[in-house]
Every structure is written in C-alpha cells, then in structure tokens.
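Consider the two complexes below, in which chain A is the common component and chain B and chain C are the respective partners.
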Partner chain A sequence: MFGKRRQKKQDRSQNQSPRQTKTRLTFEQLMEKCGASKDFVSFTKSDKHPFTISYYKSMVNPDLVHKDLIPYLTRYSSLSLKELSREIPVENIEHTSDVQTIMDSLLTGSVIVQSRPGKSDCLLIPAATTEKRQISVPETEFSVVGPKEAFTETLEVNINMVRKRLPIPELHVKEVTVGKLSKTRVVILYIDGIVNMENVNTLKQRISAIEYDHILDSSYILQMISDNQYSPFPQLINTERPDRVAAVLSEGKVAVLVDGSPSALTGPTTLVEFFSAFEDYFLSWHIASVFRMIRLFSVLFSVLSTPLYVAVLTFHYEMIPTDLLGTLIASRSGIPFPPIVEAIILELAIELLREAGARLPSKVGQTIGIVGGICIGTAAVQAGLTSNVLLIIVALAALASFTTPVYQMSNTIRLIRFPFLIFAQFWGLLGVAICSAFVLGHMLRLTSLGRPFLAPLFPLRMTDLKDALFRLPFNRQSLRPLQMRPEDPVRFNSQRGLQKNDIEE
Partner chain B sequence: MNLQPKENKLVSPYFAFYLINTMQVGVGVLGFQRYIAKSAGHDAWMAVITGGILIHLLVWMSYRMLKNSGGDLVAVHEDIAGKAIGGALSTLFTVYSGFLALTVLRTYIEVIQVWMFPHINIWGISLILLGVVYYFVSGGFRIVTALGFFSVILGTPLIFLKYFAVKDSHIYNILPLFDHSVTDFFVATKTMTLNYLGFEMLLLYYPFIKHPEKSEKWSQWGVFFTILVYTITAVESFAYYSQGQLKHTIWATLTLWKIVEFPFVERFEYIGISMWLFVVLPNVCIAVWCVTRGFKRVYSIKQKHTLIPVLILIFAGTLFFKDRQEIDLLNSLVSKAGYYIIYFYIPLLFVLHWLVLKVRRKKDA
Partner chain C sequence: MPKAKLMMAAILLFLVGCTPQKQVLEDIQLVGVVGYDDASGNKIQATVSVPTTEGGSEQAVLSSTTYSARSHTSRNIRQILQAETPKPFASGRVSVIIFNEELASRGITKIIDSLQRDPSVGRNIYLAVAKGSTKDMLSKEYPVGEIVPAYLKRMIEQNMELTFPRANFHHFNYSYYGKGSDPFMPLLEEKHGHIRIAGVALFDHSKYVDHISFEDSFIFKLLYQNFRQGSHEYKLGKENYLTLENLSSHVNYDIYNANTNPKINITIRVTGKVNDAAGTPLYQEKKIKMIEKTIQKQTEQDAEKMVDRLQKKGIDPLGLGDRARSRARRFDFKEWNQKYPDIPVHVKAKIKVTQGGIVE
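On to the complex of A and B.
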C-alpha cells in the first residue's frame, strides 16, 4: 500500500521536473518579469559609461549603491567586468551568466551590473539592506535575574547572540532553505564534538523534507518536524532566550533558528524540560528545586482539580468529610446546574478571558482581565449561577497553568483538561484514572527527534534526574544529560569538583 | 522467523523487577485473605512466604531453561516436542494468557460494580478499558513495560494506607503461631500460589530483555517484593479482622481502605479503586501482548493483526461472565490451569529440556 503511494509520488516528481526545465527563463524574460514591478530599477548611467545597473529598490541599501558602486562604475568605465569586480570595494562579488543564480541574488538584495544591456554575462554585488528591530527584553520567558536579551527577527543578529556566548569554532551553523514562496533561511546550530550527529542528521533531513509554500516562523517548523504531528504536546522547545539556547547547545542539543522568527527551537527535549524555567539556573539550587516541584504540582492541580470536583460532586459525595460538606452545600444550594455544566461554563469563561486578553493591546487587555475576573466572577456567584468554591478552583487552576515557562505547553495543559472533565462526568474518579492512563500512554509513545519524551522517568536514567524534577548544585552536574547521547558526556572533572579539604586545610 | 527482536525494542534488565512484580500484584491482592484463611486460619500468612519461596525456585528453573534454549517458551517447546506438537503446546499457553487477561479484567470490572457503580454498563466500561489496553499494547513491549514501571511506582504507596488499620489492630489475633496442621499449610500454600500467577509470562517476553541473563537477579527481587507486599497485607489483615469477620469479607484489602480518613477526604476506597486501574492495566496489557507475541512466534501472524481479534474475544468474555458465581468459576478455572502450569508443567519442561539438550550434546560429541 505504502509502496504504491510512494511510487505515485515519484511519478509526480518526475513529471514535474521537465516542466521546470521548460519554464527556465532566459535573461530577457527575467528582466521583463522583474520590470513588471514598480520597485525594480534598471538603468544605464550615460552612453559614456556602458554598464547597466539593475536592482530592487526595496531590497537594496541605497547608500551602498550611491557611495560604493556608481562612482567606481563611472571611474573604471573602460574595464571589463572581471577587472571591475576587483576594483569595487565590496566582498563576495560573483561573476556569472546563470539566470537562476542571477534571479535568486536579485531577490535577496543584490545589484547586478552588465557590461551592455541585454547581455546575460553580469556581476552580482551583494547590497542587501536589513531593517532590524532593537534587541529587546524577553517577554514570554522573562526572568528577574540574569540576561535580558531576546532574539529578534534578524537571523544574523540571532546567530551573533548565540555565538557571542559560545565563541568556539566547534559551534557549527548549517543552513537550509525551505518554503517554495518564502524561501526562508533555516539554520541548524550545534557544537561539534559534543552533539550526537544522529540528532543533527535527523533534524536536517526533516527540515529539508518540508514541503510548504511559506514558512514564516519557527513554530511552523516546530509543528512540521514533530515526531507525532497529531499530538497536542509540543515536542521541541520554543525559546526566545539566546542564553537558554547557548546552555542547551552545550548540553549536546541541537538548535534551529529561522530567519524572521524571534524564537529558536531546541531538541531533543523531554517533558520535564518544559517545566524548567531558565531562571532555575540563576537561583540557588534549593530554591530552584522547590520552584520546579511547585510547577509540576501546579500542572497536576491545573489538569485534575476541576475534573475531581465534578467526579466527587456527581458520584462520590460520600468522600467529602462532614465538616467540609456544610461549606459545599452552602455554596451549591442555589445553583440550578449540575457540576459538569457549572464547570464547563466557568472553564470556558476563563478561556474566553484569556483569549480576549491575548488578542487585545496590552493596556486594554489588563482592563479586560480585571473586569472579567473580578466583576463577572462576583456577579456570577451573587446571581447564583456558579458556586464560589468552583470559582476558586477554576481560577486557581488557570493560574497554575500559567506557571509553565513554555507558552505552547501551558496551552496544551489547559486543553487536556476538557477530556478529563468529560471522562469525570461519565465514570467519576475511575474516568479520571482512565483518562490519565490514556495521557500516560500517549506521552510514553511520544518521542522527540527519536528520543523518548518521558525520560529520565522512563526509561529511568538516574544520572539525568540531577537536572529534571529538581536541580542539584552545579558541582554535581559533571555529566551532560544522557538523553542526547552526547559524544563527549563529561562537562568537567567531577573528582576535582567534589574534592573536600580536611578541616584544617 | 525473527527470534531476536530489534535492539531498540528491548528493555533494560532491571525492568524485569517491575515486569514480574506488576504481573503478580493485581486484583488478587484486594481479596486473597479470605481464601487462604479458609484452610490455615490466622497462620495463613506463613503460607504466603512458603508459596513465595516456591516461586523463587520456579523463576530460577525458568531462567535455566530459557538460557539454554536461547529464546522463549516456543523455542523450548520446539526443542522438546518438535515443530507441530511444540506449536500446539505454545498455543495452549497463549490461550491461557488470554484467559488470564480476561480474568483480571472481569474481576476488576466486578470490583467497580460492587464498590463504585452498581448499575454500570459492563460493555461500556469494558470497551473503554480495552481501548486503553489497545493503545498501550499497540505501542509495543517497551510501552507495556513502562506501564508496568509506573504501575509499581503508583501502586506501592498504597501500602502505607495500612497505617490507618495498624492503629486499630490487635497483634494477638495472629497468635499463637503454628496452630495448624501441615496439610492445612499445604492447602493454604496451594491457594496462595494462585495470587503469584503471572510471572510465567516471563517465558514469552524473555527475549525482549536486554542481556536477559543479567535480569535474573532483578526478577528474583521482583518476586521478593511481591512476597513482601502480600505478607504485609496478610499480616495486617489477620491482625485487624478476627477470623470470623474475615470469613464474610470478600474484599478484605478494600475494606481496610474504607477506614482511611484524612481531613479533606473520607472513604478512600474510591480513590484506591481508581488508582488500582494502574495496577490492573499492566496485567491485562502484558497478558494480551503475550497472546499476540505467542501467535506471531507460532503462526507468524503479525501482532497488529491478532491484537484486535484478541481484544474482541476478551470483550465478549467480559460480557459472557455475568454474576458473582460465574466470575468465581472463571477465577477458579484459570487458577487451576495456572496451578498446573507453574507447579507441574514448568518443572516437567525444565527436566525434559535438560535431558533433551544432554542427549543432543552427547550425539554431537
């Protein structure tokens, strides 16, 4: 079955290639095609100076053309193209007559210079202009202490921010271009000698296999190269912190940067990594460990609290202790809905608030949060539509889901609450257990770049636990995580790190 | 026929601990006390230990046999009885695995019926549980092993609930020691071995353990841990209940959970039964996996093709056994089969296989 399908695909690609050669442009056709756009200029300065200059006004740095190009062309008007390329003070000048190359470099901001109009033999002078945003403070992964730099939309600046932190020749940068229309430059970063090349090759192969017309952000790639594209769980980490990228690269992971995207992807990754904020490494290890525990607990709370409320109030009210029962009865006595309806209404209301807050400009968004949270909440309880106990639970659960440092993951956590709710309504506590079993099974089957997603819990790797659920001090972190199968697993000499002096030394 | 599975499908040797332990602790532990107390009374907890020691011995035998055959039970059968008869014997064992899965599942559904939802639709709950089983088994042996691992991790803390019963128990209930005849002990030991069933699945998943020779000590530790769990449960139950009470308590462990009381939750058995799903699931999953694996080994049918029919048969089985008497019948039938398999069949195989190899070696020499 699969063989047949693959064969068909091959046939199609074979059919495609001759058509492509047929549509191959001649130089005149290219000029005509480009000339159809208003921002394309092509001119000959004067009869005395025979060179013809063509470029896209919008892609080229005008300063460079005016100061470093036109003066030289007029001064050396009698030289051949080859000699001219030596005189112009720009590096990487290409001399070619290949129409495809000419077209590609025109569109990425090169100026082409011909010796006579219409002749396809020409010089390609890179003169691209890049408008870039200022490097700003990380917003989704803000940290109180530590560096305050976030990636911007310019690939070169992003690579610079990583390389600045790892100034070693072993930091390799490999480039792939994807997207039929967008021709997005995608860059894979890794440290040679630490990384396992298997991971790099998997990633490279998956990225080059992407077939899509436009790739506008790294999150496109995140979804397209995930091991299981039908899973709600993100399988690579999306980060906007260059320091985090530098840290994971030195662990032996691979990072992906995409031109035009202010966030990098790192992998292979594990579930627990989604709950470690990079700030954990800036705080002392006790505090960081406790915070990690709190985050994990808050995830469990966020997913399970409302389903448990529904399960207990619908089926197992015997479980509520007598003292607590009074409070619950008082808060629920006037409510016209069964627990499940009440819970779904409130959960949806919270999602509504979050979505409205996310879509609105930040100042209005805050107002919406306050109006929605306080006014609607109080009003709903006073009107007798929901019980205030549930309101507290739902609000806390929403709060808990926001403690997850990775945005994609916190969305997932809020989403998987709904199947739990439905199972709780059908089979009570047992339903919650069944749904947990499904989620556990799903996470066990997930892999990130072919490495198990639930490690170091399963397969149990004791040495990797030092930086998973909790974070041990730096002198205990002498080995890089085994998860990535690094070529060089040793970070530093653990013997020296742990050496203890005698009392009097 | 690929005897040796691919390397990336194997599990580390120490998982043998979880695989053995999870398979032995199942629905049995919820209510085995009454059955063993029937013959040996308050001394029955010692039968738990003697029964366990026999299991240690049987695991030792299984490992010797498997090491020499270099494969699984199917290979052992072929060594002894040839392809045709050996295949038939393997099929019988596979069918037994299927019945084991059915028994565990049906008994768990019965617990749900009795303790949580008396009017629940059996087909509904059976369907959804088998859905979970399908999801795990179709993930392969590694995923099933992982489930066993999490099952032990999640199930073991429930032992600490015994603390609530300790407060109200009387240690004099289990005294005097050795108050029963040897025959009584023997019968109780025999009854107890039925709870230890499940380790014999090792005969089929053995090739899926990386460096399987190294896993023997983990398997033995797994059995030891099982004995520990059962002994603690038995001693605690005998100290808490009087023998008269125990006669009328079908699910003694569950009843012990009923007295657990926290400031925020009472009637802990609801939580316990729900969490017990994670203890029961690996039992069913491993057994179902063994069925599909057995068929693959004997008849070369793809595992994904047998999985659905097997699950459908088990589904039909859960509907077929309706009330307490029928479920009890199913339980005792499967226990009887298991009893003969582990106490007569495995030692017999062990001896025969040893003889066959010896004769063959002599011929070769």
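On to the complex of A and C.
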C-alpha cells in the first residue's frame, strides 16, 4: 500500500533537474554576497605583493593562516599562483576559476588567494577549523565491561575511531553530500570483499536521493532512507559505539556516519538485533544468551501485560487464577474507573514521568523519577484511583521496556502498547490476538535495505540462529550472517577454530 | 489494494457493534458455590455463595454472603435472586455445586441439564451431595481462613488427590450420559463446625441411591483408577492395625465373554509403604511377607464385597458395562443390564511393600 507511493515519489524526484543549475554567479557577485557577512575577511597584505586573501574568519584556523600562509605569500610575492601552490606547506591546494567550486570551498573553510583582486583565477587552500568535543563514554549504550568510547560530532574523529579498529585498506569510506542548506557530509563505510555491493549501492542510491534542506543528525538519514517510512519500527540500528560499528562492518554490514552526529547507522538489520546489546559479546556466551532471552521476554511482557490485564478484567473473569481472584477483586473494589481508563491513566502517567525525566537536566530528572514514582503511585492507590495490582504491572512493564538496548526500539515498544490496549478494551483477548496479528503481519512485510526484517526467524536461516535469540561461543561463529549475503561468508576456518592447542607432555 | 481498503472501511463501518459483552470483574457478582435443596410443591431452592469485599482497595477483607430463593426452574431462581443483589450474577466461576440429599434422591436431571447447557459453567467444577440443607451449610462461617467457596473447592480438590476417586463435572457428564456407567460424587456433611467428606454418593443415573463410607473410598478408588497417593488402614491379627500408604496402584480389568456369559477379573497392583505398623518388626523379610498377605486378603475381600453390593443395587459407578462394551463387538446393553447383578467378579490384589520408613 505504501511502497507504491514511495516509488512514485522517487521517480518524480529523479525526473526533476537538480536545483543548483538555476543561475551562475559571477565572481564579483560572489564576493559581494560574502562581503555582506561580518565574519568575511578579504584583504591585501601590502602593496608590495599582489596577493589578495579572502576567507570566513569563523571557519578558518587562524594559526594556519598566520603561520603557514601569510609568511609564504610575502616571501614568494613574485611567483605566479601555480608556482605558489607548490611552495605553500598545505596539501590539497586547488587552482581553479570555477565560481561554484570557489563558493563551496570558501563555505567549508578554505582560504582563497587571488593574484589580483577581482580576478576569478585563484588558489583554494583548505584551512578549516573544527571545534572538537572530547571523546566521551557511551551514554545510551553503556556497558560495564568493554571499551568506553563513543562517537563525537566530528566526522574525522569518528572515522578514525572505526579505522583504528579495522586497520585494513579494504575498509572503504565513500562520501556523499546531502542537504541543500546544510551540505552535510555523509560517509558510507564498508569492508570491500566482505560486504555485498548490492547493500552499499542501495544505501548510496538512497542517501544521494535524499531531498531535504538540512540534515543535522544521522537519525534524519535513518528516517529518510528507511524501507518503510510509515512503520513505527526502526529499520536501521543507530549506535554510538565505534566498537559495535567495527564489529558489524566485519559481519558484512554497511555503516553510515554523518558529520555533526555522534551516532552511526548500521544495516541491514533484523528485529532480533535490536535486542542484542553489544555487551553480550563481552560476557560469556551462556550468560549473554540468558540475558537475550530475558530481554525478549521483557519486550513481550512490556507490550502485552497491561492489555492482558484490561482484557481479562473486562471480559474474561473466568480466566483469573482462583488464588489471585481475591486479591484482584479486593484491589479493584471501590475504584471509580473501568480497567481501560485506569490503565490508560497509569500508562500516561508513566509516559509523563519518562518524558519529564528526559527533558530535564539529569540531576533534576532523577528527582522527578523518585517523586513521580513513589509519591504519585502510592497516593493514587491510597486515594482509591487505581488498583495497586495495575500499578505494579504498569511499573514493571515500563521497567521491562528499558531493557531494550537500542533507544529507538524502546520508544517503539512504548508506543505500540496503546493500540493493543484499545483492541483489548473492545474485543478482549481476541482483540489482543488481532492486534498481534496486525503487528506480526506488518513486521513480516518490513525490510531493511531490502533484506527481510524478521530473519533469521522468518525466513528461517538456521545458520544465523547461532547469534540471534541466543549467542553461541565464538568458536562456533565461523560463518558471517547469511542475512547480509556477504561476498566472503567465512570468518575463520571452523576446523581450526574448534581445535584446542594445549601443550601436553 | 483499493478493494482491500474498501473491505477495511466496510468492516470498520458495519462491525462496530460486534464487540463481545463486557463483564468487568468488579461489576458482577461471581457465584462461587450453588446449593440446591428441595422445597415444597415441586419447587427447588437454590442458595448461592458469593465472595464480597469490604474496606476499599487497600485493606480489603474478603468474605462471602449467600442469597437464596425458590422456584421451579434454576434459571428463574437466578432471576429472582437478581432482584436483591447490587450487581448481576455471573456463573463463570462456580467451583462447586451441591445437591441436598432429598433432592438428589428424587433426581437431578433438570438441574444437570440446565447446567451442562450453560457455556460459562466450567467442566472442571465439582458436584457434591450434602447431608442436610445446603442453605445451612453455605450460610455458616467456618474457621478455616478461607471463604466458603474456596474452602469447599480446596477441600474436595485435595481429597481427590488422596483417597477420594476423581469426579468432576466432566466425569459426571461422561458416566451420566454414557451407557454402562453411573455417576458418583462426594457426599458432604457438616460436623463439628467443619464440612467434611462423608463418603462416595452413588447415583443410579440421576438418582442418589446409596453411599460408600469415606473409609472405604480408598478401596473404591483402587478399583476405579490408577493413582499414586492415599492410605488405608488394615487389621493385622486380632488387635493390631497398620496403615498402608499407596505409592502407586494399577488396576486391570479382564472381561470374558461379554456378550454371552460374562465373567470379570479385576487385578489390583499396589506398591506401598508401611510406616505405621504398631510394633511389628518391619526389617524381617518374613514379617513383610505376612503383612503383604494380610493386606492382600483384606483388599480382595473388601473389594469383592463392594462390587457385589454395587451389583445388587444395580448401579455401575465403576463403569463395568462401559469397559465390557469397549472389549466386545455388537455389545448389547439390554442383555448386559439384565445379567449385571449376577456377573461373577473376582478381585485379585498384588501388594508389594517396598518401604518401611527409617528402620536401621
């Protein structure tokens, strides 16, 4: 239903001619335009030498201009631009008279050097300055053991962090610029020889087809290139861990880094991947497997517990276990709302707390959690507005939804509880079943970069199951996931992987 | 695609009213136990026990209350009872249904019929016969820490794990509607401020005709089904008694010539332990052999006597007819029923005492 419309939209956008060719600026017009800004500087050092220097003060590293540029310009004042470019100790100097190129590099922090003012023939000397943030500890994907580095907002630093972990020439970095206004540099990373180029091409094509004026974060890209943009489920993983990126790259996945964004996108992804924390690989495989199971169970619990409560209390009183019946009747007696209203009030209260906690500075946020959780909860029960059984269920469900290691997914889980609640109210358990069927059907249709989203469960890929619901030990993981159709599916020789090279007498 | 959308729209438009009826837990009266008594003028009196709560949501106290009314049909009684309750009755959590002795001996066909048609009544509920009025039994309070419905249900449930043969509504229906078997159910009585199981109430189709004492229900259970728990007291010598605790018992029926000249051999295999042997030295092989022999003899005697008694009454709670039918072609129930009281039945018991507790 939605796929067709999306295709049409893409066709239309491809037929349109690119906007950039509307009118060509002349060099004078460009200088005039730039001069309107206060931070644009254009000057000639002295009459003795003819070179004119222009740049944006705010974009350029002043040290470089003062130490590596101006001294050379004064020293070699008699040289032509071409000869000068050989003398200046900066790499990638461009010699051009194309106004468009000049404008682009001027705006990304280059210094232009002209032999005579007003002449468009000039040198472009890259001197961009970037303010860097310190590399910090991952916050949304924190792990107790393992590396404690997270991506920062600087693209070069981020690529460095990945390349440090994969020091091979096969790690390819392809750059695309998107966003009419923001001109954001988007970088696609993959390991040549492992990755299936189909995935890379899909990703590249989708990113370059993006029509938008500003791209400020990788989550923009995530939403724009998703296979189904109308789905509440994220179809690519958003991670802030360079180690995770390195790991998935070596599985044959493709990663996307966006300048100015502290998180990378990786794909193609499957549903089960959203429930595997990267820390799973740092723990022994039994423990990691059990934790994964707990996480999957907690997702089910989180989505279904309140709807089941509503369904059972509204329609199926026969189903309540005898021992629980007394407790339930007692806790529900004297409450003025039907179960659905009670459940929605409590769910909204929890969402309020969560939202308030997320918007406030972390120190105040904690207080909000405690105040909200303890005070409102107990007061609501004492006032007879909600039953304490439901309060426990809702709180546990909220807690369970936090176990999802990917933030985007945990938001989805928060959301899809509500349709389940409504169905439970109208049709009871049947409604919960219908809603589950809808969600399952939707997930079956979902793809991530054209690869099935529910794999390895459906279509069933037995070999991929070893790192899906549970994680087998490393020596059993000799094959890369089939899901990505890697060009080189073998990680290591499985025979040798299983050998034990103990020295015996 | 437009077709699918149209279908969706049509479904949403036309089926909005098709939602099941809501029965919110706290807006209904959950009937826990129903008791039927006979009343004058061909009427029956029904008493329902309903759990209630008091004291708000935090310090709620669970108690039970009873409503009772008389009429000709049980559905109408429900209507009459409704007139005095704050919320409508719901029969989905009935756990025990009790019939008063007099009513049961007049036949319970009408009540059973309406019960088994009601889809909200479960099949894993218990039926029972009560000595005396069920209204009195249900409206009293018992110092057991449970409200009456829960008390009755648990009491019957745990006894069926032990010495009482398994008999819920499903089993009742099977033997009631099936040919060649008669239903039975627990017989309850109120004694010393408690309700107790007094024995097995035996039915001739729909009429309560006889009962076996609670002490003998173990023998009945040995004949009726394979089971793992329960215990029974045997006489050893003149003055001594011992208790056999059943660890596992199996019963096997051999039915010969079911159509012509029937003969039934019942074999009971019991593996048990004797803990309570009143001074008999259990470490001696000889003694154990002796105990086994005594128990075997008594079991055979008691069982044969019991089967004989059932045959004389013309009732078949063990389902001998049903078992015979399953082993013979072109089985004729009419003929069987005629022959039934005189069919020779032999019971053979094989007792094995494997444990004597901590001795050495």
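What we mean here is this: the second predicted complex is superposed on the first by the 476 of 505 C-alpha atoms of A that agree within 3 Å, B and C clash if a C-alpha of one lies under 4 Å from a C-alpha of the other, contacts with A are read in each partner's own complex, and residues count from 1 in each chain.
One rule holds for everything that comes next: a contact is a pair of C-beta atoms (placed from the backbone, for glycine too) under 8 Å apart; a residue touches a chain by one contact, two chains touch by 3 or more.
This structure is a prediction, so every number in the text was calculated from the model and none was measured.
Visitor: Report for A:I329: first if it touches chain B alone, second if chain C alone, otherwise both or neither.
Guide: The second partner, chain C, only.
Visitor: Tell me the contact category for A:V290 with respect to chain B and chain C: first, second, both or neither.
Guide: It touches nothing on chain B or chain C.
Visitor: Figure out whether A:R445 sits in contact with chain B (first) or chain C (second), or with both, or with neither.
Guide: first
Visitor: Of the two partner chains, chain B (first) and chain C (second), which one does A:C375 touch, if any: first, second, both, or neither?
Guide: After superposition on chain A, A:C375 lies in contact with neither partner.
Visitor: With both complexes overlaid on chain A, does A:L430 touch chain B (first), chain C (second), both or neither?
Guide: Touch partners of A:L430: chain B and chain C.
Visitor: Using the touch definition from the top, say if A:P339 reaches chain B (first), chain C (second), both or neither.
Guide: A:P339 contacts chain C only, not chain B.
Visitor: Going by the contact rule set out at the top, does A:T314 touch chain B (first), chain C (second), both, or neither?
Guide: Second partner only, chain C.
Visitor: Of the partners chain B and chain C, which touch A:P459 in the superposed model: first, second, both, neither?
Guide: So A:P459 only meets chain B here.
Visitor: Touching chain B in one complex and chain C in the other: list those residues of chain A.
Guide: The answer is residues 315, 318, 320, 427-428, 430 of chain A.
Visitor: If we count contacts the way the header does, which residues on chain A are in touch with chain C in the complex?
Guide: Residues 1, 4, 313-315, 317-318, 320, 322, 325-326, 328-335, 338-339, 381-382, 384, 387-388, 426-428, 430.
Visitor: Taking the complex as given, what residues does chain A use to touch chain B?
Guide: My answer: residues 315-316, 318-321, 323-324, 427-430, 432-434, 436-438, 440-442, 444-445, 454, 458-460.
Visitor: Please give the residue numbers of chain B that touch chain A in the complex, ascending.
Guide: Result: residues 11-12, 14, 112, 116-117, 120, 125, 128-129, 132, 135-136, 139, 143, 146-147, 149-150, 261-268, 270-271, 273-275, 277-278, 281 of chain B touch chain A.
Visitor: Which part of chain C faces chain A closely enough to touch in the complex?
Guide: Against chain A, the touching part of chain C is residues 1, 4-5, 19-20, 22-26, 28, 30, 51, 53, 56-58, 60-62, 90, 92-93, 95, 120, 122, 147, 150, 153.
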